[in-house]
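Think of it as A, B, C and D in the order they're written, each chain with its own count starting at 1.
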Amino acid sequence: MFEDGTIINELFIERLNYFIYVILLLIGLHGMIAKNNLIKKLIGMSIFQTAIILFYVSVGVKEGATIPIYLPEHDPHGSHASHGDENGTDEAVHGPVVLEAGMVKGYANPLPHVLMLTAIVVGVATLGLALALCLRIYQGYGTIEEDEILAKIERQEMRSKPSIIVKSADSSKSKTSGSDKSVSKPKVSSSTSTKRSKARPKAKAKIASTATKAKTSGAKSVSPKPKPAASKSTTTGTKKSPAKPKTAASKSTSKPKPKSRSKPKAKPPARAKATSTAKKATASKPKPRTPKK
Amino acid sequence: MMENAIAWILIFPLFGSVACALLGMGNKKICYPIAVLSMAGSLWGGIETLRQVIASEVHTVSYIFGGWTLDKYPRGVGIEFHADILGILITLVVLGVGFIVAIYSKLPVQDETPNKEPLFYTLFLLQITGLAGICLTGDAFNLYVLIEVAALTGYGLIAMGSNRAAAATFNYVILGTIGASLYLLGVGYIYIKTGTLNMVGIQDVIVANGLADSSTMQVAFVLVGIGILIKMAFFPFHAWLPNAYCNAPTVTSSLLAPLVTKVMIYVMIRMVLSVFGVEFSFESTMWVDVMPWLVVVAIICAAVMALAQREIKRMLAYLIVAEVGYMVGGVWIYNYYGLIGSIFHVISDACMTLCLFLGAGLILRKAKTTHFDGLRGLFSKMPLTMTGFFIGGFSIIGLPPTCGFFSKWYLITGGMVSQRWEYMVVLMFSTMVMVVLFFRLIERIHLAVSESGENLGHGHGDLGLAKEQTRFDEGPLSMLIPLLLAATVVLVVGIYNQDIVNLIEIFLSEFNLPKGEGH
Amino acid sequence: MGLELFNTLILLLLVVAALIALRVKDLLTASVVFAVYSFLMCLLWAEMGAVDVAFTEATVGAGISTVVMIATIFNLKRKSSD
Amino acid sequence: MKKLSLIPVLVVGALLIYAADDFPEWGSPTAPASASPLSSHFISNTGVDTEVPNMVTAVLADYRGFDTMFETVVVFIAGMAVLAILKNSSGPNSKKKNFHIETEPDIIVTNTVRLLIPVIQIFAFYVLAHGHVSPGGGFQGGVVMGASFIMIALSWDLEKALARFPMDRCFIVAGLGIVLYGGIGLLSMFLGGEFLDYAELANILPVSREMARYHAMLGVEIGVGLTVTAIMFALYANLATEGRLKGGL
């Protein structure tokens, strides 16, 4: 059906709106799926939603019709006023009348417009919420690039693993965190992250500078689960995961623990204080860290 | 008051949430009673509506907002609430789960999201409003708005957790928006062909105009279907679910995990049966041929992933993905018994998932971890919690007399009758996986066996367990009672399964579904 | 006929604006281009007779969305990797 | 990998183009969407049912008023969720505000804004109240109103805007908007109709049933306007300052 010339003709000339709406929708969808920057994803999302709205509005178009507001001759109050002045009969007071079928053709269909008003509102609400999430993510990870966020989350979980394992009194065997992770990773993002990890060397310097930040949040994820055996535990923990650089990681996780243990339900400010000491302790160390993958 | 019971279902939580937002600013403590009371009121409305639905002759209650009644105005002018037996059953599940979680929420909310109680309860109640509305509404576009209400509150509730939760929520936002937008687009395609948005009206126009072969309607079906599948975390689209539910605050995950996916499955059943119609959905599309195989892949992948997890919440999240596969399969094997099984499984899965997540919340509170290695010997420490937790677990496995057994029974019957052997095999396989999962847990929790297989006894004495670990130490009552309540519900639904199945049969009797072999 | 030409022109500009908004590496530029996109959309809808929708899009899409987005980018990094 | 993401995009695209073939003729008045009893009822009977000349407003606030109530709720949720996400959240990576230069607000800008703001706010009221007759309504009016507060924040600073519209008052106003909307619905329910059946308000208002709908719609639009005004400003204030409500753009 696609090679049929008339279809193409129809699509491009008569139904340009439908065609462009598909194009915009695809641009938006591609932006949402493939873009790496979170704000870019949101712009894609907005384009996607606007494209759908364009479709609905196109549905409501009627050839030769005016906007869905009554013309003066149909206006319930306009006619009411003029008639009332002229003869003042009872019928005139009840000015509005049901429009005839011929007149109905003269007005555009109001229903799609109403639906789209609601859709626009929902769109802006989603946008606002997602922007707040971006801010929150930036606070936690110091970046809004999806691959970097995933890398940081991965490192954090690697680091917080030992402290969980030690929860049991005896030393239990460490488990494969890698397989866990690859399973649990969101599909959309995992595709980009594998690609990105090859381009890591360029970003290494950046990681070194942001590593302190990552560490602080790593400590944060540990702190809600305090455990008596914490200080002993970190050493066993680092032993368990061989791929990890020992010195920096063990130091950084063991440092904030005593503080955070003392107040398990510390509020963010208090936690931030605990983490700042960790930053101090590790800031001078060079980071020969490479992603595990 | 009585005739408006169906409206009160939504009015209670709606006004309750606003009251939480307004009054909660002055006094945070007032939010919890408001939430519990409005849930109780809403539950009353639900039960009253169920009574009305059963009492009515056509077994539906139709309520049109704004007084645009059918006798004076065409159908679809106003927005209709169309409660049939299925809708009101699922609504009751939503309200019941909401009520139990509301009771449960007191302490975890205080501890996990300090100073945010008013915000939390506002979003909590609006979430219930959205979900209950989804179950009741009879208008395709209103359904979209309510889906967005439920989704946005869900984003807010999940993102209240850690930074990790925020990152997970962002993925959820993107995928959720794609899903909802595709649904909206599908509704647009329906509208362009039928000119109405009322679900009953759409069905009438499809039948009257013979739209079954229209390519627009076919595409509309695909768009609506994919949108809903994304929202329900069906396997290839499940990416948002595990991370979001694991990192969410306790109460959030125990509210969202039992409800969101199940309600979306209900939406799918509703779309298939009463919007597009049985003939259109099963005869005119290729979904019947394709979906069972996708379900097979979905269940196997989800079960294997669940097996790989070492953390209770994450494991449960993958179990949910597998359970979604069951229910979707039950619909698409296109069989009377399969559908009974699907619908009954929606109900029982909500109950047992609630049970498990409430239990996991208590474990997290007491043991400070939900990682498998932190659970040894917990049974002697908190026997009631663990009993409740494992009643949920047994139900997931499908042991009688829990409700999970009966729903699985119907699903398997459906597979057998329609000769979908692949579906049956995969059900058996995932049951095996769940047996392994839960008995591994039981071993750890009950018998206190260490990783190396060395038996440490029942947690007595000094066999590897410190003194404080063996002390009887249950969680707070405000959390324990809801858990036990949920466990009782699992058993009660199991024992009285015949009554529920009878109701479902009344609902399904008006559809022309094959009861015998083939299709 | 003139109106149709206008319509076509806007539709093509929309595609261009959408592509630029997604391709440009500076987020601030991207959000401003996105505002342009929204405003073009608003013009298109007004031309198609959906005045209320156009009004809403003008206030929300081209107005509030852009302001809120720029306010957020102010707190984030301005450069994007793609 | 980026190529891989093209696959779903292209699949969706092929699907949509495939369906476009079957669409009714562009702009045809006989297309199902335009010729359905629903659409013709809205066009022909809005005047009789509600006496509102703007059909979109009538359909929005009355025929489909239930949708619009939840639309308002969605806006409210967005505000609450943004507050929930950003409250007490400032982490180690919060943007350092050391580049903040203490300058007086620009005199030209502030004076222009001083002149503009009353006009904008009056226009917002006009849009809201005149939505029955001309394009506009509660949502648009609310956004314009909220924009006027954002303008204050942009030209002076956020403190000045917050002094006029403090954050907790924002949420009270937002909540009141929903209470107003739902309250009108509830009131009409107590007067014997269904939820949101505004016609029943004729029992307590000295007008006909149709005009009761007309006036109730105004009340409802005011409710929408209140919520939207407050939340739009709250969104801006929270997002510009990462929830701290200090400094900002």
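Assorted remarks:
Just so we're on the same page, a contact is a pair of C-beta atoms (placed from the backbone, for glycine too) under 8 Å apart; a residue touches a chain by one contact, two chains touch by 3 or more.
What you see is a predicted model, and the numbers here were worked out from it, not measured in a lab.
Farthest from chain C in terms of Cα centroid separation is B.
Taking the mean of the C-alpha atoms as each chain's centre, chain B and chain D sit 31 Å apart.
Between the Cα centres of chain A and chain D there is a gap of 22 Å.
Centroids built from CA atoms put chain C at 20 Å from chain A. Within chain C, contacts with two or more other chains are made by residues 51-52, 56, 60, 64, 68, 72, 75-76.
Shared interface positions of chain B, i.e. residues touching 2 or more other chains, are given as 141, 145, 148, 152, 155-156, 159, 163, 166, 191-192, 197.
Residue positions 16, 18, 21, 23, 31, 33-34, 38-39, 42, 54, 56, 60, 64, 67, 71, 74, 77-78, 81-82, 85, 88, 91, 94, 135, 139, 235, 239, 242 of chain D are each in touch with at least two other chains. If each chain is drawn as a node and touching chains are joined, the picture fits none of the line, ring, star or complete shapes. Contacts between chains, counted with the stated touch criterion, involve the pairs A-B, A-C, A-D, B-D, C-D. Contact residues on chain A toward chain C in their complex (touch as defined above): 16-17, 20, 23-24, 27-28, 30-31, 35-37, 39-40, 42-44, 46-47, 50, 53-54, 57-58, 60-62, 65-69, 108, 112-114, 116-117, 120-121, 123-124, 127-128, 131, 134-135, 138, 143-145.
On the chain D side of its complex with chain B, the touching residues are 15-16, 18-19, 21-24, 31-39, 41-42, 62-67, 70-71, 73-74, 76-78, 80-85, 87-88, 91, 168, 171-172, 174-176, 178-179, 182, 186, 188-189, 193-200. Residue ranges of chain C in contact with chain A, taken from their complex: 7-8, 11-12, 14-15, 18-19, 21-22, 27, 30-31, 34, 37-38, 41, 44-45, 48-53, 56-57, 60-61, 64-65, 68-69, 72-73, 75-77, 80-82.
Residue ranges on chain B touching chain D, taken from their complex, read 4, 7, 11, 14-15, 18, 21-22, 25, 63-68, 73-74, 76-79, 113, 115-116, 119-120, 122-123, 126, 129, 133, 139, 141-142, 145-146, 148-149, 152-153, 155-157, 159-160, 163, 166, 189, 191-197, 201, 205, 209, 214-216, 218-220, 222-223.
By the touch criterion given at the top, residues 51-52, 54-56, 59-60, 63-64, 67-68, 70-72, 74-76 of chain C touch chain D in their complex.
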